[in-house]
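So, here's a batch of structures to check.
Two complexes, one shared chain (chain A), two partners (chain B, chain C).
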Partner chain A sequence: MGTLSLKGVTKKYGTVTAVDDITLDVPDGEFFVILGPSGAGKTTTLKSIAGLVDIDAGSVHINGVDMTLVEPYHRNVAMAFESYALYPQKTVRENLASPLKSGRVGTYDSAQQQQRIDVVTKTLGINHLLDRLPRELSNGQRQRTALGRVLVRPADIYLLDEPLSHLDAKLRAAMRAELKSIAQKSSTTTVYVTHDYQEALALGDRIAVLRAGRFVQIGTPTEMWRRPVDTFVARAIGQPEMNLIDAHVEGDRIVMTGSGVTFPAPDDMGLVEGEKLRLGMRPNELHVVPAGTPAPYGWVAASGHVLLAERLGRDVEVDVEVGSDSLIAVVNGDHAPAEGASVDVLIHLPNLHVFAGGEPGQDTPRLGSVLGRNRGAALPEAANEEALS
Partner chain B sequence: MAKELMPGQKRITPQGIVADLMLLIWFVFSLFPIVWMFMLAMKTPAEQTTTYFQFSPTLDNFATVVSDKGTLLTSVDFKSAIVQSVINCAGAVLVSLLVGIPAAYAAGRWKFKGSDDLMFNMLSFRFAPELMVIVPLFVIYNATGLFGTTLGMIWVLQLVTMPLVVWILRSYFEDLPEDLEQAALLDGYTRTKAFVMVALPMVRPGIAASALLSFIFAWNNYVFPLILTDTGSVTVAITKFLGGGGQAYYNLTAAAAIIGALPPLILALTIQRYLVQGLSLGAVKG
Partner chain C sequence: MSRHQTDTSAAKALSIRNVRKVYKSRGREEFEAVKGMDLDIAPGEMISLLGPSGCGKTTTLRMIAGLETITGGHIMIGDQRINDLPPGKRNVGVGFESYALYPPLNVRENLAYGLKARKVPDAVEQVEAMAKRLEMTEILDLRPASLSSGQKQRVALARALIRRPPVLLLDEPLGHLDASARQRVRRELKLLQREFGYTTIVVTHDQLEALSLSDRMAVMDGGIIQQFGTPDEVFDDPANRFVADFVGEPSINLFPGVVRRVGGQVEVEVAGQRLRPGATTPLDGHKVEVGMRPQDCHTGMTPALTGTVVVFEDLLEHGIVRVDVPGIDKPLVVQTPAEQSWSTGDTISFSAIPERIYLFDAETGLRIR
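Up next, the complex of A and B:
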């Protein structure tokens, strides 16, 4: 049980600011995910909470108590390191028993220790490895042992640094579900660091996207998906990445610069004539239909032809050239267009994100979406499929 | 078409033969003094200055060197010199490890103001010729009564052993992933406990290497025991067989040198298995 609160936490390494003025409140029992690319300061943030790095400014409060100057072993937090950090000369069992034996996280006789270790290792599927040394384990097994050393003990806060990154895809999905249920059962406040947006969306009660040591946006998974605060967050969440194409304002319409496709500009966005914009479209919210299919009301159609169609499994990733723009769409494999085919790309206006214009590589804020205000009709799935077959 | 080779087989080429020959010449050249020393050690006094390989081998020289009465003209108690050297050098290494391991850990883990200067200062003890400091040391040792004492020798040998221990171990500690000690801290152990429980076992090869190396350097040191003690040391004792102006006993000198090389050799063989131990043993991902 524990609340966590960071106030203006800053950590510099020489001239590099790894964590820059981070403020954060995590209520008791929340599963909080920090999502960010490598080098964004995720691990430094965790280590600041744990007291493993001396922060240059700000304060760390756990359960309302200022812990900024408190030694790590008095903070009652547990951390799974991305590097595993297993004691090499100790077996899996001894590694897991280590926090229980220190005497600072409660007193356990050997039967109680054994019982706790049994429960955790069974959950993590490493109970047959108890007498092995870390060097005799695969990376995935080491990672689960590192996770086990956290889960085996009670703590105010669990800090998990990419705890699933070295598992194979199947195991990762299983462990993700397992972690979620453990978190719900134990309701221990958890700060979880990852660069995998799917993990973030699946696990997080709330997600914070970290860039260059600063939080760009904090919100629920739905908020992050539907209303990314800027192009950085928009691209960080979702795979393939959100399409971003240049556009500008002409009269009362927004024009896609590369293709000349236009649609009415929303009047509540304060757009001015000639203003440069970027439009964001998620690949799995685009529909690809044969050229000439009439677009329903509330939808925009852009004509082009298919450059590339890659089967990903059930779905097919289609690269459509629209004017001088290229749009990636993920469509149902049963109705995927052939390479070279002339197609229309349809997008429902409420799914069209409008960002401020900017140089390539520069992240710009989101201005809003072209809300259909429920006037637009959903594209009838059946009609779509019929048209393609 | 060249002949197919079996695994492990090597193609014989003229370049390869030339390279092998040159290596062989180098091998003979570099080992020759040692061979000559062994031969010399088994020659009789009459044969000791001959330069041919034929002689009647004897082990008498070894017996003479270690005999209780010292030897012939020179009155060297070689046995007790060796014992004294072992005590001095082992003592010096132990003190260096005791002080040097925490120092190396601190230097490897934390950068503080002047830490690099401190380390360089320590290293400069190795640069400085011993002869530069020997006169003031002699005066100080005489004045303080440290002259000729075991404590005095152990102390002065720190100039030899401490820089080695600190510098070798610092790089070991620097290479040690910090995560392990941090994990121990979060497991509820103090920094001291984390150091003893996690860091120390992992630098065992470093401790073995630095202990061995500093022991050898201390063992081979000549100037400090020559000037600062009269209770003997192996290096000084060996040279006494050269006679100091009287007759030189090359055969005895060689025998003494061989015996004098044994303690470092025994130490090296004893701790060899720690030297080759892998460093992180799969503790953190590679």
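Up next, the complex of A and C:
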């Protein structure tokens, strides 16, 4: 049980501001994910909550109590670090019991210890390994044991720092699903840090995207996916990344600058003649069809030829040259065009994101989305959502 | 099509004939890292050696580069046997991360060094152009000591590429890059390879890298090539259980079954339920392992496996459902289309089309067709 509030938390290392005026409310039982590239301040944010760094400004509240000046052990949070440590000479059982024996998180007689260890090891699926030493475990079992050492402690808030980052891709996906199961069952308040957007989408009730010490956007996975506030968030979620294509306003139309493909400009976005834009299209929302296939209502076609077709597994990543632009689409391998083929890329206008124009590498805000060819107007976001569902 | 044209005139074919590598050290048992390998690579072709650590892929690359002696067999570049040539005479370009850079020179000077030595007139322009394509312009003035591992990797790649060698060897060329840079650099590497026509061998443990980069890929395990084919062949038509399991993410579902001949039809019995595989040859009662990729599993098919949803992950591009099927000891994974939602405890029935239900011999792991 625990709620967490951060108010204007700031942490500087010398002249570098690692965490910059962060404000956040996490309700009881929420699984909250902080997503960001390395160096964004993710770990510092967690350490600020845990009390492992002294913050320079702001306050940390747990269950409504100001904990800013409280020692880490008295905050009643449990934190797992990226590199887990297990005692090599102790069995799984002893490793799990040690946090309960330290006396720092309350006293437990051996029956109580055993009961907590039973619950946690069953949830993690390691209850048959209690008498093994760490060296007798697989990587995944070791990871689970390390996680168990954190979860066995009763805490108001669990802080997990990239707990899956050391696992290979396959094990990571399996452990991610297990964490999701555990989170569903236990409904503990958790703040989880990762650079992996799939972990964020799969696990997070809400996600915060962190850049240079600041939250760029906080929202549910669907909100982050459908309505990213800027190109940074748009690119942070999804792989291959969202296509960003330069465009401009010409009369009452938006024109893709590199190819001349046009569609009606929405009139509620306050666009002005000649205004530079960027259009965002998710690769898995584009369709690639033989050249000349008529575009259905609500879709616009961009003609080009296939420069590369790369297998990703069942899917194929198709790189289509459209004028001087390159559009990446992800299509099913059974229907993938050959390299060199002439194709049309079909863009579903309701899925198209309009961002402000900018230099390459510069992130710009999202202006809105477009709905429906020939309608010439964007509906308000709410109506847009309805039309999509 | 002009952009696709490849200048393969300089590229050379590479062939590997019954190549072996045995490590002997006093007091230890001999270890055969590469066990009689055959591989033919066409001029201008890009192939990858894919496998887990210890499979022999890096040893093979090092033998081609001349960094490792060859215990047996021949390696030919064009019509020249290179077994006994020193590394510098083999005319191969090596993009190994560990390959030393000159510490007092900055990245630009390091890249230009070989070109200038060969009196290439536009060395500086070539370096600039390559740096731009590999997204490393901003590090050109840095010294090697101040580079991150991802940056060093790009420098090693650029240095190998810029020499335009007839045969190019790359060891885990993208491993240290973050996901987004990896995708872009991978694309540039592939385009550069097409343009300049290098015969290229990439060593990787990353199945996605092998699938996306290669014209053909060799999947290795235990010093042996398990399958050599196009990415399509390897993914859609795996030769054995190892290849099916190693290639593909999320991993293929593998679970035990027994073949049942029903009339002329081959069925496979799985924990009391039935599936219809594409195989035509197995005999009644044959013990097999059944393989079905999560991406190939669909609902609304008969016959199908029925189970209970353990957990559903909505990844928005698609969903991942883990299903507990009674009698199968681990959950099976089903990839579901975007905008579909499942809850823990739901009943789900799923199967794949017959050609995408693979059977492997329970003992040998070999594919049964």
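The rule is short, and it goes like this: the second predicted complex is superposed on the first by the 327 of 389 C-alpha atoms of A that agree within 3 Å, B and C clash if a C-alpha of one lies under 4 Å from a C-alpha of the other, contacts with A are read in each partner's own complex, and residues count from 1 in each chain.
One rule holds for everything that comes next: a residue touches a chain if its C-beta (ideal position, glycine included) is under 8 Å from a C-beta of that chain, and two chains touch if they have at least 3 such contacts.
Every value quoted in this text rests on a predicted model; they were computed, and no experiment measured them.
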Touched partner set for A:Y297, first chain B, second chain C, both or neither: neither
Which of chain B and chain C A:K170 touches, first, second, both or neither: second
First, second, both or neither for A:P221, with chain B first and chain C second: second
Chain B versus chain C as contact partner of A:V77, first or second or both or neither: first
Touching partner for A:S181 - first (chain B), second (chain C), both, neither: second
Partner chain(s) touched by A:G340 [first = chain B, second = chain C, both, neither]: second
Which of chain B and chain C A:A50 touches, first, second, both or neither: first
Which of chain B and chain C A:Y13 touches, first, second, both or neither: neither
Which superposed partner A:L312 touches (first chain B, second chain C, both, neither): second
Shared chain A contacts, counted only where both chain B and chain C touch the same residue: none
Contacting residues of chain A [partner chain B, same complex]: 47, 50-52, 71-73, 75, 77-79, 81, 83-89, 98-99, 102-105, 133-137, 139, 142, 149, 166
In the complex with chain A, residue positions of chain C that touch it: 1, 3-4, 178-180, 183, 186-187, 190-191, 208, 211-213, 231-232, 235-236, 248-251, 293, 295-296, 310-311, 313-317, 320, 322, 338, 344
Partner chain A, residues of chain B touching it in the complex: 177, 179-180, 182-191, 197-198, 201-202, 280-285
Interface residues, chain A side, partner chain C - complex: 37-38, 169-170, 173, 176-178, 180-181, 184, 195, 198, 201-202, 221-222, 225, 235, 237-241, 282, 284, 307-308, 310-315, 317, 319, 333, 339-340
